[in-house]
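What follows is a set of notes on a single structure, which appears directly below.
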Amino acid sequence: MGVATTGGDAPGMNAAIRGVVRIANSKGFEVLGFERGWEGLLSNRFRPLTSRSVGGILHLGGTILHTARCLEFKKDEEVRKAARTLELNNIDGLIVIGGDGSFRGARDLGKKTGTSIIGIPSSIDNDVFGTDETIGFDSAVNTAVGEIDKIRDTAISLERIFIVEVMGRTRGFLALTVGITVGAEIILLPEVKYENEEIFRTFKEIKEKGKKSGIIVAAEGIVDTHQLAVELEKATESEVRLSVLGYTQRGGNPSARSRLLASLFADEAVELLSRGEGGRVVGLQNGKITSISIEQSCKTEKPLELNLLNLARRLAA
Amino acid sequence: MGVATTGGDAPGMNAAIRGVVRIANSKGFEVLGFERGWEGLLSNRFRPLTSRSVGGILHLGGTILHTARCLEFKKDEEVRKAARTLELNNIDGLIVIGGDGSFRGARDLGKKTGTSIIGIPSSIDNDVFGTDETIGFDSAVNTAVGEIDKIRDTAISLERIFIVEVMGRTRGFLALTVGITVGAEIILLPEVKYENEEIFRTFKEIKEKGKKSGIIVAAEGIVDTHQLAVELEKATESEVRLSVLGYTQRGGNPSARSRLLASLFADEAVELLSRGEGGRVVGLQNGKITSISIEQSCKTEKPLELNLLNLARRLAA
Amino acid sequence: MGVATTGGDAPGMNAAIRGVVRIANSKGFEVLGFERGWEGLLSNRFRPLTSRSVGGILHLGGTILHTARCLEFKKDEEVRKAARTLELNNIDGLIVIGGDGSFRGARDLGKKTGTSIIGIPSSIDNDVFGTDETIGFDSAVNTAVGEIDKIRDTAISLERIFIVEVMGRTRGFLALTVGITVGAEIILLPEVKYENEEIFRTFKEIKEKGKKSGIIVAAEGIVDTHQLAVELEKATESEVRLSVLGYTQRGGNPSARSRLLASLFADEAVELLSRGEGGRVVGLQNGKITSISIEQSCKTEKPLELNLLNLARRLAA
Amino acid sequence: MGVATTGGDAPGMNAAIRGVVRIANSKGFEVLGFERGWEGLLSNRFRPLTSRSVGGILHLGGTILHTARCLEFKKDEEVRKAARTLELNNIDGLIVIGGDGSFRGARDLGKKTGTSIIGIPSSIDNDVFGTDETIGFDSAVNTAVGEIDKIRDTAISLERIFIVEVMGRTRGFLALTVGITVGAEIILLPEVKYENEEIFRTFKEIKEKGKKSGIIVAAEGIVDTHQLAVELEKATESEVRLSVLGYTQRGGNPSARSRLLASLFADEAVELLSRGEGGRVVGLQNGKITSISIEQSCKTEKPLELNLLNLARRLAA
C-alpha cells in the first residue's frame, strides 16, 4: 500500500500515517510513504514505513511525509508518471490523507490508473462532504479558542471590541464553531450575508446594556476587516482592534479527538483497501465510522448547520 | 426556573449555567441559581442569575454555583425541605447539571414533588446513559493526554515504563479514550479482566522489538498500581514508575467541544422545560441532540465500546 | 494608598494588584483602586480593594482595574483634577503599574502634586530602564514561542519560510528573546540595521545545507513584512508566508516568573511608600530587587544586549 | 568534544545539546554524543552529532541522548573504562549536562583521567550550587503552576483544601517558587520545620475570614501527606484532598527561559573548553553568565531564600 499527505497540513496527519502503517502491518501489508504529496508520486520519491518508523509521531503536529499544495492531474503525462510510480512499486492501494482538493486529484488519478484509492479527510477547514468532522478540525478550533480566550483579557481590560479573523478557506465551519465557543457577539461567515448596520446596531445595544467589550469572529477573506474596524470604531465610539490568527491554527499537537478520528479513519481505510474496495472517502456520520464514494464527496457541497448561528446570537446576548 | 450543579465538578459546567440563563432569558424566564448542589435546595440558598451575571464565565473551569457530593433524597424530611424551597420561589422547572448520581437524586425529587426536572449530563467520567458524551469529558481527556505527552518525554529519555492512573470512578470511558490517544501499550479498564502475565508478556515482546519505554493507562481503583509496578519491574527488568494524574483532570478551561455541548444541552433543556416537559435527561446520540427519560438514564448502564480496545492494541504494536 | 494600572495590559498586572493590596494590608494601610488608569484619577472613579476582593485573580490575565492608553498630564487642569482626587481620598502614596509611558505621566503628576508615587514596571515590551525584566515580559515571550512552535509544524511540513511579526512597540526585547528561543534563522530588530540581500543570502545558504524551511522573527513596525515576503520568495524560490502574532501576546495566564516578579515588585513598592519614599521605579537588577528614581527611568533608554544576536546566528546555523 | 546528559531528565536538555553542537561546530570542533549518560562512556556507545542532526530538537522535552541514573565512579575499573573511551575517540573535552549527582561523577572522572570536563546545570530541582537557576527549573515550575491552577478550580467549586506534592528531591526550590506563584496558604519545605498545629490554625483562621478553600504545596518526601490530609480534615472540618503532581513536571516543551539558559550555558561551556579550561560548572549568578569550579559546586549546599516564605505568607493572607 502507499500513503501520502496532500494539501494543507492539519494536526493529526501523523496520527493517521501511524494508524495506516500499523493497521496495514497487522494485516500483513507493507506500506510506502510518498513524500510531498502528489510530487512524491510524480517523481517516485518515497520511503518504506514500518511500525517502528512511525513510533513517536502520534502526538506531533505537521506531517513527517511533508505535503505540498494540490495540483490536479490535468495533463495525461502526469497521470502516466503517477501510474508508473504505482506500478513500479507494486502499489495495490493508495491512501490519501488530505482535504477536498486532494480528493479531486485522487478521484482523477483513480479513474485514469485503475488504482484503488481511499481518502482520509484531514483538514482544519472541515469542508469535506461525507464526514461530520475532519482530522485536525477539533485541534484548530481549540487553538483558535485558546488564543481568543487570551485576546479577551485585553478586550475586557481596555474595553475594546476585537475583530478576530480565523481560517476556513471558503467555508465557515471553523469560524462558526470558534465563534459559538468563545461567546462571540457577531460571527461572520461566507455562507451568510450581513449588513454593517446590523453589526453596528448589535454593539450599540450591547453597550447600552453595560457591556464594554466584545468579540467578532470572522472567517478569512469575506470582509475587509481593516475597513470594518475603522467603520465600527466610528459607529460605536469604542476602540476596535483587529487580530488575524493565522498559521498557528494549522499546527500544534493534535487534540485527543483529532488523534482518535485519525486512528478510526486509518482503521477503516485499510480495512476497505484490504477488501479490495477503492474510490471511497472514509468519514464520521451520525457518530459512526463509514464511507462514501469519492465521486460523491467531490461533487457535493457540505452543508453548514446555520441554526447554530441563531443559538450563538442568543448565547451572546 | 432553577438551576444547580451537583456532584463532582467538570469543565464546562459554567458554560452550561451561562447557556441555561441566557436561553431562558431569551424566552422570558427568570433563573435562580441554587448553591452547593442539593444543599442550596435544602437550605433555600440561591442567587438570581441574569444574562449579565453569567458573563465572563464561559471559559472558566469549576462552577460559580459551587457543588457538593451527591446525597440521595432518602428521608421524607429532605424531600419536603427541597419541595418547600421550590414552592417558596415559584420554581416551575429545575435544571440539574451533573452526573448519574445527581440524576438519581433528581429523579427522586421529581417523583416526590411533581416538579419538572431536566438533567444536563456533565461529568468527566462520561458514565451517563442516554448521551454519547458528557460535558467535561473531552476536556478531561485532553488534560490527561497533555500530561501523558509530557510523561512520555521522561519515559523515552530514561527508557522506562510508566503506569499512569486516570480517573473514571467505576467506569473505563476516560481510560479507554486517553489510552488510545496517547498510544498506550496496555489499557486497564474495570470492564475488562486482565492477567498480570499478559501485561508482562506484552512488554517483553515490545522490548524484543527494540522499544525500550512504554505506557500503561489504568482506570483508578481497579488494580494496586504500586504492586503492579513492582512486579512488572521484576518481570521485564525495565525500570517502572507510577504516576497518578489526579484532580487536574477535573479542572482547567473547558475544551471547545465541552463548551459546545454545554451550549447545545442548555438550549435543549430550557426548550423542554418551556414546553412543560420534565423528567428527562438531554444528550447527544448519533451526532444529534435529543433526550431520554431520567428513569431510563438512571437504571441503565452505559455500554463501553470495547472494540476500541482491540484497535488500541493494534495501534500500539 | 492608591493603585492604578495604566497603558497596555500585561499578564501579571492582577498579581501585582493583589500583591500591593495584601502587603499594604499587612502593614496596616488601606488601598483604593483607581479604574481605567489615569481616567480614574481624573474622574475620581475608584473602588476600595481588600485582601478578600483581590482573591482569585493571581492567575488571571488582564487587569481587574481596567486600563486605558496613557495620556500625559500636559494641562494644568488635569493635574489639578488628579491632585484633587488624591487629596479627597487621603491618598498618601500612589502605586502605578505600567510601562514607561505610564511612568512619564507618574513623574509629572508627582512633581506637580507632591504625592509619593512608585512605579511597578509591567509591560510585555520590557522597555523600562531600571529593571532587567518587566512583569508580563516572560509571559508574552512564552506565548509567542508557543505559537511559533506551532507555526514551525507547517513550515517544516510544507517546506516554507515564515516571517513572524511579534510585538515590542519601538524596541526589540521581545523579538530578540523570542527569536533566540525558537531558533529563528533571522531576527529583525529596530535597534539593528539590516539589508534584504543579507536575508536572502542567509536563506540561500541554509537551503544549500539541506534545510528547506525557516523562521524570521521581526519586531513589529520596522519593515513592510508583506513586501519582504514577496521579495524573499522571488530571491529564494521558496514559498514564504507571513504571520502577525498580535494581541494574544498581551493576554493569557501569567507565567510563574511574571507572577513572582509581580509579588516581589509589589512588596518593594509598598515598603518604599511605607517609609515615605516616592518618585521611584522598582526593578530587578542583576538578580536583586531594587529601585531607581522615576526621573532617571524616564529619561534613559534601556540598552538591548546585542551580543545575543550573534549567539542566535551561530545557534541557527 | 564529547557531550552527555546524565541523571534525571529536565526540559531544555535538548536545547543544551543543540547549543553545544552548533557552537562547537562554529569554532571548528566536532562533537560526539555519548548515550544513556555515563553508560555510554563505560561502553563506548555514542553517535556523532552535527549541526543538522540536532535540528528540530530545540523545543522538545526529554533528551535525544537518553540518560540514566547517576553512578559514581567508585571502582578504578570504571574510571579506566571511561578514560579508555575518551582516549579512543580523541575527546579533548567533555561537557556533562545534568544535576549535582552528575557533577560529582564528573569531578571524579576529571580528577582520575585528566580530561577537561565542564558541567552544564540542568535539573528541575534547581539544587546546584554556583547557579541561581538550572535549565529545566522554570519549565517544571510552570508545569506545576499550570496544574495547580486547574486543581484550584475544583478546590473552589467543592470548597476543599488540597495538599499538592511537588518534586524537588531533597530540596525546596521547586515547592517554594510554585507555592508563592500559585498563592498557596501553606508551603512545606525540607529546609523549614513546621508543626501540624500551625497548619491547622492557619486554615481555621482562613475559614473564619470566609475563605472556604485552600492550597498546601508540599515538597515530596518531607511529610506523610496522606496522614496530614486525614488530620487536617479532622481539625478543620473541611474536606481535604491530596494530589501528587509526579512526572509531568519533568517533561513537556521547555519554557522560553529554560531554552535561553540552555543556549547561554552551552555557549559558555564550549568557550571554556575551547580555551582549554576544565573542571568548572557554568552558571547564572546575579543575572550574568559565569562559572565556578566543579569541586566547589559539589561540596557546597545551595542556600534557599527563605525570606520568600515570609512574603508568601503575607500574600496568601
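Labels A, B, C and D are assigned to the chains in the order they are written; within every chain, residues are numbered from 1.
The definition used in the following text is that contacts are C-beta pairs under 8 Å (C-beta built on N, C-alpha and C of every residue); 3 or more make two chains touch, one makes a residue touch a chain.
As the structure is a prediction and not an experimental result, all values here were calculated from the model.
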Touching chain A and also chain B, the following chains: none
Gap in Å, rounded to a whole number, between the CA centres of chain D and chain C: 28
Chain centre separation in whole Å, for chain C relative to chain A (CA means): 35
Distance from chain C to chain B - Cα centre to Cα centre, in angstrom: 39
For chain B, residues contacting two or more additional chains: 149, 152, 156
Pairwise chain contacts under the document criterion: A-B, A-C, B-D, C-D
Chain C-facing residues of chain A, complex: 5, 8-9, 11, 13, 36, 60-63, 66-69, 143, 147, 149-154, 156-159, 162, 241-248, 250-252
Contacting residues of chain D [partner chain C, same complex]: 18-19, 22-23, 25-26, 51-52, 55-56, 58-59, 132, 138, 141-142, 145-146, 149, 152, 156, 177-178, 180-183, 209-211, 253, 255-257, 259-260, 263-264, 267, 284-288, 311, 314-317
